[in-house]
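Listed below are the structures to be examined.
Consider the two complexes below, in which chain A is the common component and chain B and chain C are the respective partners.
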Partner chain A sequence: MNVAYLYSLIAVVVLGLIAYAGVEAAGLDVLFGVVIPYLALIVFLIGFANKVLDWTKSAVPFKIPTTFGQQKSLDWIKHNRFDSPYTTGQVVIRMLLEILLLRSLFKNTRVGFGKGQRIAYKWVVWLWLFAILFHYSFFVVVLRHLRFFAEPVPFFVSFLEKIDGMFQILLPNLFLSGVLLLGGALLLLLRRVLLPKLVYISKPADYFPLFLIIGIAVTGLMMRYLDKVDVVRVKELAMGLATLQPGIPEGGISGLFYVHLFFVSILVAYIPFSKIMHMGGVFLSPTRNLANNTRAKRHVNPWNYPVKTHTYEEYEEDFRDKMKEAGIPVEKE
Partner chain B sequence: MNDKNKIITGLVIFFLVVLFPFWFNLIFGAADASTAPEPELTEKAEKAETCVAETEHMRTEHMQILDQWRDTVVRDGQRIYVAENGKEYDPSLSNTCMDCHSNKEKFCDRCHNYASVNPYCWDCHTYPEETE
Partner chain C sequence: MADTPKPDQLYKNIDHTMPDEAWEEIPPDLSQGRFPYPTKPKNLEYLDMPTPTKEEWSPADEEWPIPDNWQEIIHEGFKDRLEKYRSLKIFMDVCVRCGACADKCHFFIGTGDPKNMPVLRAELLRSVYRKDFTTAGKILGKINGGRPLTKQVLKEWFSYFYQCTECRRCSVYCPYGIDTAEITMMGRELLSLLGLNINWILEPVANCFRTGNHLGIQPHALKEMIEFFCDDIEEITGVKIDPTFNRKGAEILFITPSGDYFADPGTYTMMGYLLLFEHLGLDYTLSTYASEGGNFGLFTSSEAMKRLNAKMFAEAKRLGVKWILGGECGHMWRVIHQYMDTMNGPPEFGETPKSPITGTVFDHAAGTKMVHITEFTADLLRHNKLKLDPSRNDNKVVTYHDSCNPSRAMGLFEEPRYILKNVCNHFYEMPENTIREQTFCCGSGSGLNTEEIMELRLLGGLPRANAVKFVHEKFGVNMLSCICAIDRAAFPPLMDYWVPGVDVTGIHELVGNALVMEGESERTMDLRFEPLKEETEVDADE
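Here is the complex of A and B:
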């Protein structure tokens, strides 16, 4: 066993047990249902803003776009507009493709031996496939949760639910995104557990969020399909949070729900301090958001402060008399 | 050139999106949205006192029971359901459930709408008001 993922798994299990015992045994419904979610949101907002504002201060001394194609050059050389963007518009399109389609993961390759002892690079699609499955299903799941946080339920949430549950399997209606989220997260985890090269470069900070998200997905699916909780009470609690009139609904909700909520609170509060900050970072990565036009335009680090210079003319001005005395030639008499 | 303004604009937009539930409910929401609407019982339902199972069980499992009923009736042809308390029922949504709970709008729909649940029961089944 590898300690990095063993410890992460144990951490998530312990967190789950804390929430379960806290509510079922110690009766801390208010702590886990109201106080911790609000705290998590505050930590998230402040932490996120702090991180991004810190990034705004970092210097960008050079243009460092990573390019995957021919840069703009002479007219008769074909320019690859989105892999080596020249204008802001092209950069925007490149960014959109990156953010919406995770294009850089699509370019994943693996090195190995081809025929004989020849090095060969093989295109490997799995990382992109698992990642896009994971990200989009997570996005849909988050959006669907607005049914608990908004009354009346916005039209796009009902619309998503309709598409998500279009196969009408099981009762309550199976939402595909929930299963795909769990599947995607598990596949991403398996990559990091089974491929030796990935295990070697993985840290607890890589495993912990994955286990946490798997925990969220598992508890969420359990609450809907196996050990059902009363959704009406869940919505009462969520609406209380969203309208700033928090309270624990009459009759209480089962411990499983609080485990789910605690996991989500931990994840939300953890985002600003973790790799999940890539949600903000992707917009600010200079290897993606800068145009490759250094041959045409001079790049000045926008964070440059005015440097105090002392030119030769000024130097000569200061010491002209002494230079003349010593017989050093001067430019201006 | 300094990107600080652009970045802060993006940050503000992101926070507005994240805080959607707070301002959405403030602008469009009803005042008492954090208390669920109570499903209304008809006289007949109140007289019967118990449903096919305990209320707490029915709150979370009624869809499961209906699902089982559909399978046993349609696939196995079994038209008698023995409840936990020994009583026998005709496993039928229209004839058993909606015999007591004939007020779909004030019973079924209240919670379903609140939790944004859109069951497809009534794609096929009719409910009392409609048949009249």
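Here is the complex of A and C:
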């Protein structure tokens, strides 16, 4: 059995307890409210930049797009521009569709073995759906949090909140994105705990960030709807951090908030060393971001080096007599 | 194949239950029949490649003949390739193990072996990468999925990088485009640094280096073979064809995989080309020096690929042709389309390919100056330049297999279909999830079409065979067409095993059957010397 998820769950719970106890019992508000968030941000920025730079330092010796559609060849054959892009513009659109709509994931199928030697492939949408829910709600939640870091609150954040809270249920008004984020993360987790193949391939590095994000979502929802946090003080802390004039607001903020913030800090600092770097890597994937035009336009390999070949002269040297006998023309009679 | 179970049994034995043990703990199965034979030392020596031993050895042996500092060699090789290939570095870092690829691999579908899931095939390398090249892996070790490079890991690499046909199907479904072909290519290059290659690949490479083709056919023998086909053509059609070899000043150099002149049913496709060129009065020549379209170097290392591929441009330049026409072959076209100009270009001969018959300029091949024969023929058909009698293929109910490389590394989908619809009357597609970019490999690509792993090949080829079985039962399909020489070699045993009653053909064999040649005698036989029938059993409405 794969117990990787237990370790990850325990790790996240322990991290949460550390932050809670650290603030509530030991009074380490400054550590968890200022020092760690700053450290996390620095680690993230340097780590992320390093990783991306490291990727770009590696060469792209060959143009190796995976083609999903008809190449550009004869005029009267319809060229599939976005599945087999020929120009940079078409590549950009292919990339946008991939990154914004997760198009490859949308193709997902499941294999099934039937009676009488019948193998079938069924289109399955779940992974795509969960991924879309998860990523977009996460994105909205992050954007919404900008409200804490800017005064006045940017117009697009207020606008987003209007849409996000359009159902007008609960008080304070329920934001869909928070619930969907938790739901999406839980669904992705369920796949990893229930589907045998997923259990088999999953590592602690797969469960840990999921639990961390679930922890972030749960503490966030709790602060908004259950154990309500003093948002004025939270904003004061956030503005302090954003304006590089950090300080702990008078009267303090609840331990729950620091658990939330600590989880976020851990996640942010963890990104450069984790699979979450897919958010940067997807832009650089050579099977997606290159045009399928290699026969028209030469791609240059920066490390292309001369190799030992078997020249025609050497070949003729080997076989001249036989060639002449067979009436095949030769260079040297 | 004597001890291969019956198809029903083999099918029933497929088990997709995941084992109790973690995959890291399970040693690779290197019993007889589960691995391709290692390279004979003479081939490695001939190519100046690392040669571990002059003795015969077997992957089943406990101790492998590798140098003492093998870990260092692999480490340095890995490091070098991380700098040379962004693909490798990205693919090592970004996988989230979402599992989308898991059941997309024909070898996983056929064997149920978890390490044939693309994600785990990549983890074989990734685990070592994490331990050796990442900060988190160095600190966290096993928790982060890191693994030291042990002899068992090395054996695992050998086992599983030679159970991947580099077909790229998984990369279609991966949200980051992680391409297991890249992983396998890198894995094989690393193994190759220790002299761990397989003979079914390296022997063709060595042959090709010396004689110009994988099968080691020498120039006079090659000419005899082609002349033999011309005799057959004359017997069937009454038309005498006299192709030229190594002729300077020809307009077009024609290069096709050696499989097309070596063994049935590829030979019939070769006859199809010859008939087509004769029909057109094309000014072309064959070369005995560049007598191989395929390139088993691709399955060895980028260097080996470049060494073999160099002959094409060199010969085109020596002969002074205007452009090159390429025959039906899968991986050959991956090399030509995605690698050739980069490796051995820019070409120092000729001009942008232009069809001398229709005047069509093939702008999309302006750089490499090399055109795929189905592009060339589709253009001819579009311009009504061929006199055809498709009813001569009426004894065939045809389906089309999209060969992996022309599909997923080129996007060649419509040209062959257009030709098929013009030259035969009964054509049916296989189910949607098994064709075009989702096509399934024959199970024997990337140099794995060797006899000693026949059972693995049958299992790997099962998804493709099963889709053929579907159209065989539904539409009476009896002919599987394809544009790949390895397909033409690998499919006959695969069909005999899973779908008896289905034969295999190249597209241009069907073209050759349908072509009405000037001055031909009445045709009573197809290119296989089989009688033409007017009607088929199936009442097709096309």
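To be clear about the criterion, the second predicted complex is superposed on the first by the 298 of 333 C-alpha atoms of A that agree within 3 Å, B and C clash if a C-alpha of one lies under 4 Å from a C-alpha of the other, contacts with A are read in each partner's own complex, and residues count from 1 in each chain.
Just so it is clear, a contact is a pair of C-beta atoms (placed from the backbone, for glycine too) under 8 Å apart; a residue touches a chain by one contact, two chains touch by 3 or more.
Here the structure is a predicted model, which is why all the values come from computation and not from measurement.
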Chain B or chain C, by number of chain A residues touched: C
First (chain B), second (chain C), both or neither touched by A:I64: second
Which of chain B and chain C A:T243 touches, first, second, both or neither: first
First (chain B), second (chain C), both or neither touched by A:I77: second
Which superposed partner A:S202 touches (first chain B, second chain C, both, neither): second
First (chain B), second (chain C), both or neither touched by A:L284: both
Which of chain B and chain C A:S158 touches, first, second, both or neither: first
Partner chain(s) touched by A:L146 [first = chain B, second = chain C, both, neither]: first
Common interface residues of chain A - those touching chain B in one complex and chain C in the other: 55-56, 284, 300, 303
Contacting residues of chain A [partner chain C, same complex]: 1-2, 7, 51, 54-74, 76-78, 80, 83-84, 86, 98, 102, 104-105, 107-111, 113, 117-119, 121, 123, 127, 131, 191, 195-206, 273-275, 277-278, 281-282, 284-288, 292-301, 303-304, 307-312, 315-316, 318-319, 322-323, 325-329
Residues of chain C defined as touching chain A within the complex: 7-8, 11, 14, 16-20, 22-23, 48, 82-91, 93-100, 102-104, 109, 114, 117, 119-120, 123, 134-136, 143-145, 168, 171-179, 182, 209-212, 218-220, 223-224, 245-248, 288-289, 302-303, 306-307, 310-311, 314-315, 318, 336-339, 341-343, 345-346, 360, 362-368, 370, 375, 378-379, 382, 407-415, 418, 431, 433-434, 437-438, 462-463, 466-467, 469-470, 498
Chain A contact footprint on chain B (complex, rising order): 1-4, 7-8, 10-11, 14-15, 18, 20-22, 24-26, 28-30, 33-36, 56, 59-61, 63-64, 66-67, 111, 114-120
Chain A residues touching chain B - in the complex, by the definition given at the top: 44-45, 48-49, 52-53, 55-56, 146-154, 157-158, 161-162, 168, 170-173, 228-233, 235-236, 239-240, 242-245, 247, 249, 251, 280, 283-284, 300, 302-303
